[in-house]
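Same chain, two partners: chain A is paired with chain B first, then with chain C.
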Partner chain A sequence: MVGASEAAQMERLESQVDNGGGGAWEYLCLVRKLKARRSDKVLKHGLSILNDHRARSKLGAEEWTLYEQVAFAAMDCQQYDVANDCIALLSKQFPRSIRIGRLEGMLLESKGAWAEAEKVYARLLDDSPLDQIIHKRKVAMAKAQGDLSAAVKLLNKYLEIFMADHDAWRELAEIYVSLQMYKQAAFCYEELILSQPTVPPNHLAYAEVLYTLGGLENLQTAKNYYASTIALSGGKNTRALYGICLCSVAIRQLTKGRNKEEKEVSDLQTLAAEALQRDYKQRAPNKLPFLLSMLKNMKLNS
Partner chain B sequence: MGAECCYEVSQIAYIKLVLHALKHRSAAVNGLLLGRLRQDGGATATVEIADTVPLSHSQIGLLPALELALIQIEEHFEAQGLSVVGYYHANERHDDVELGNAAKKIGDHIFRYFPRAAVLLACGVYRMQLHNADVVTDGGLSSLAMATMRGSLVRHEDLVSHT
Partner chain C sequence: MAEDLVLDTAIRDWVLVPLSVVMVLIGVLRYFVSKLMRSHQVPDLKVVKEGQVILRARNLRVAAGFIPAKSFRSRKTYFTNEENGLLHVPKGQAQNAQAQMFSDPNLAMDMMKKNLSMIIPQTLTFAWVNFFFSGFVAAKIPFPLTQRFRGMLQNGIDLSTVDVSYVSSRSWYFLNLFGLRGLFSLILGEENAMDDTQRMMQMSGFGFDPSKSLGAEKDGIDIIQHDWALPKLEKRAEDALKKLLK
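== the complex of A and B ==
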């Protein structure tokens, strides 16, 4: 996940390079590090370096990393000739390399030639059966063809072996959410929270899934996880603050008539409401009226 | 969605919808349609879709963002005489022209409050499917869309980016 300051730095570099201010290589390195998907920019600026002899020779051995990055970007922008050329140069330099073999598989994937890509990956897996990236490419292919249940099966099998792969757990959770299999998604987020307990987005996503599942117990747990998100992110997470308000309202509706719940509920909710108001006053003062009327509604109607 | 009903999509609504989908090219996006019902004095009624509010581009099946949006939108747009008249959705894969379950559920929810609710599935920049009928935009609209797209893409924000 890209942090806010790094995202800002990337935007700055991007506009600098776009306006002819140089720094293309820096920008490309940052994009690679943050794994951001800026394929049209990468293609444009990467090619401008690669097509210039002097700039290319200045890179030295990094030249090949750039070829790989540009090949990915070209595939994303459907410039198959460019991708083909890059891959050809790379395979001349590194013959029989699995990394290049993967690129060839991805090129076939991007053209929609699923069966051929499948064959390429099967051949590569024969040589190295524990290559994580190839396993994940197979999941990506299933997803790209719209076969979400196959993607889920493959991901589950993958996670039985590589259970520490956080990105895979996150991907599985998102697929489950899109299939509305919320209980299974909750399980994935639980795994993520267990292995990365101090990462706020996991807590936030778990809270949202619990809220969607509904039911008193889930709502109360959701509120706890919204609260932990706020604690972990230093009070800056607007969605979590909103989440607390929503949970409080929903819980109150479910426990109408049970008096003892009410007092402990309102403390957290009042604090969250105040924090939201402070936040809006600082960052989006023209949207403050929406927030105020919404909070008023929540206190009055439920 | 039963009776004789015409749906009119305004330029601003259409442009915002398309821009939202274009900003997040590799994700599914959704949002709400705002407008009003116009009784033309005969048997047909027209639903004017005057504006859209982009909602999210990730984790579309989750409730909190949707509920927040519905509450705040009702408050704000009531003053302008607009209400939620529908929902738009653009799938992740460009060749996926089916209305997914999550989209159907949200559509049903809106239908309960507004029986002539429209669910627009964007199948591409110039083509949209209205639940039960086809809505095709005309040339004038699409050329305007192309012109405004370049500049506006970056400044476009949805509810999820806002929070």
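== the complex of A and C ==
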């Protein structure tokens, strides 16, 4: 996760480098560390370093990492010849390396040559069957070709072995949501919450899936999770505030006939409504009337 | 008798400093030799999978309060089920781990290499210290000690009346042995700061014994009670919002 201070530092370096100041190498290192996707900038500044003999020799052994980074960026920007040159140089320096093999596979992928990329990855997997990145590339290929069910199958097989990889769980959850398989998505989000219980987006996503599934029990659990998102994010998550209001309305509609716990946690709902109003007043005052009318409707519907 | 002995500064120049320098150099040498000799270990599928299972089971144990009770129960059965639960190790397989460790030639060679690279320099240095640097007082420890340490710290000094704070060079050797980790982390980079103590601990542990850890995790999950933490979080949400709105 990118911390706020590091993101700010990256922005600052970016503007500095764009406007002709120095610091391109630090910028590239920071982008690499934070795994941010700024391919056009990386390509521009990386190439400027690589094409300059003096700057390149100053890097020493790090120049190969820079080649790799520029190759990635070039593939992202569809500059295939640049990527090809970088990969050729790298493979001359490090023959028969799995990391370079991955780059070649990715180049084929980015050109759309799925079958050849598949062959390259199969060959690499023969050498090292437990390479996580190659497995993930295969999933990415399936997803890029639009074959979501194959992606799901591959991801499930991957997760059977590497079941502690929370990024894979998140990817699987998102694919399930796009396929509208909400129960399975809920399971994946539970895994995410188990591995990172204090990260608010996980709770939020789980709450949304539960809300989508519907049904009284799910709605109540969803409300719990919206509340936990608010607790973990200090009350600043607008979507969770909306979620609380909507859940309360839906629950009230479902329990209309029964006179169960009336005043259970309606505090939370009124607080959420108030927080929303204040938020809109501060940040988007022209949309405030819509919010007020919506809140009025929700209260009337009870 | 608590009289102050005056120690020659030549001791510091010719004993303490060279001993430290030699130990640092040996540590650095050992690091480079181990880098050269390290063979690439192909990870075994089973071992990797078991490691991941343990991580996942541990996550479940730690964060059990964050998921609904029903999900927790289904996961608990999934892990600890008697027939095909992930963590269940049939009795016969449990003892094989150690035997397997010895029969697999790669693992045995690796362990031997690691042990050798540690034992030999230690033995040699210790013998060298004993041979050259024994029989005199090398240093004074700044705090007083009881008589029981005499045997350990004053091995070459055969006077029983000397204060226990005056130690021989063997104790300086041990001090360096345990204390050079900080220096190594500066010289060799953070992750290579392996002191001899850590290596000794690694040597005594028999590598990764998966069946025992699986059993331990299974017991952990069996014991745990599901403590649904969300209502408390809801209360905290209310408080957070109240504070925000103030």
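Criterion: the second predicted complex is superposed on the first by the 277 of 302 C-alpha atoms of A that agree within 3 Å, B and C clash if a C-alpha of one lies under 4 Å from a C-alpha of the other, contacts with A are read in each partner's own complex, and residues count from 1 in each chain.
Keep in mind that, in the parts below, a residue touches a chain if its C-beta (ideal position, glycine included) is under 8 Å from a C-beta of that chain, and two chains touch if they have at least 3 such contacts.
Here the structure is a predicted model, which is why all the values come from computation and not from measurement.
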Side-by-side fit of chain B and chain C on chain A, or clash: fit
Partner chain(s) touched by A:Glu26 [first = chain B, second = chain C, both, neither]: neither
When both partners are placed on the shared chain, which of chain B and chain C touches more of chain A: C
Touched partner set for A:Met163, first chain B, second chain C, both or neither: second
Partner chain in contact with A:Asp52 - chain B first, chain C second, else both or neither: neither
Touching partner for A:Ser228 - first (chain B), second (chain C), both, neither: second
Partner chain(s) touched by A:Asp18 [first = chain B, second = chain C, both, neither]: neither
Which of chain B and chain C A:Asp147 touches, first, second, both or neither: neither
Partner chain(s) touched by A:Glu62 [first = chain B, second = chain C, both, neither]: neither
Lowest inter-chain C-alpha distance for chain C and chain B in the superposed arrangement, angstrom: 16
Chain C residues within the chain A interface of the complex: 42-43, 45, 48-49, 52-53, 55-56, 59-60, 62-64, 66-68, 71, 230-231, 233-234, 236-238, 240-245
Contacting residues of chain A [partner chain B, same complex]: 37, 144, 146, 174, 177-180, 182, 205, 208-209, 211-212, 238-239, 242-243, 246, 284, 290-291, 293-294, 297-298
Interfacial residue positions of chain A with respect to chain C in the complex: 128-130, 160-165, 187, 190-191, 193-195, 197, 221, 224-225, 227-228, 230-232, 234-236, 265, 267-268, 271-272, 274-275, 278
Residue ranges of chain B touching chain A (in the complex, touch as defined): 26, 28, 58-65, 67-68, 71-72, 75-76, 93, 96, 100-102, 105, 162-163
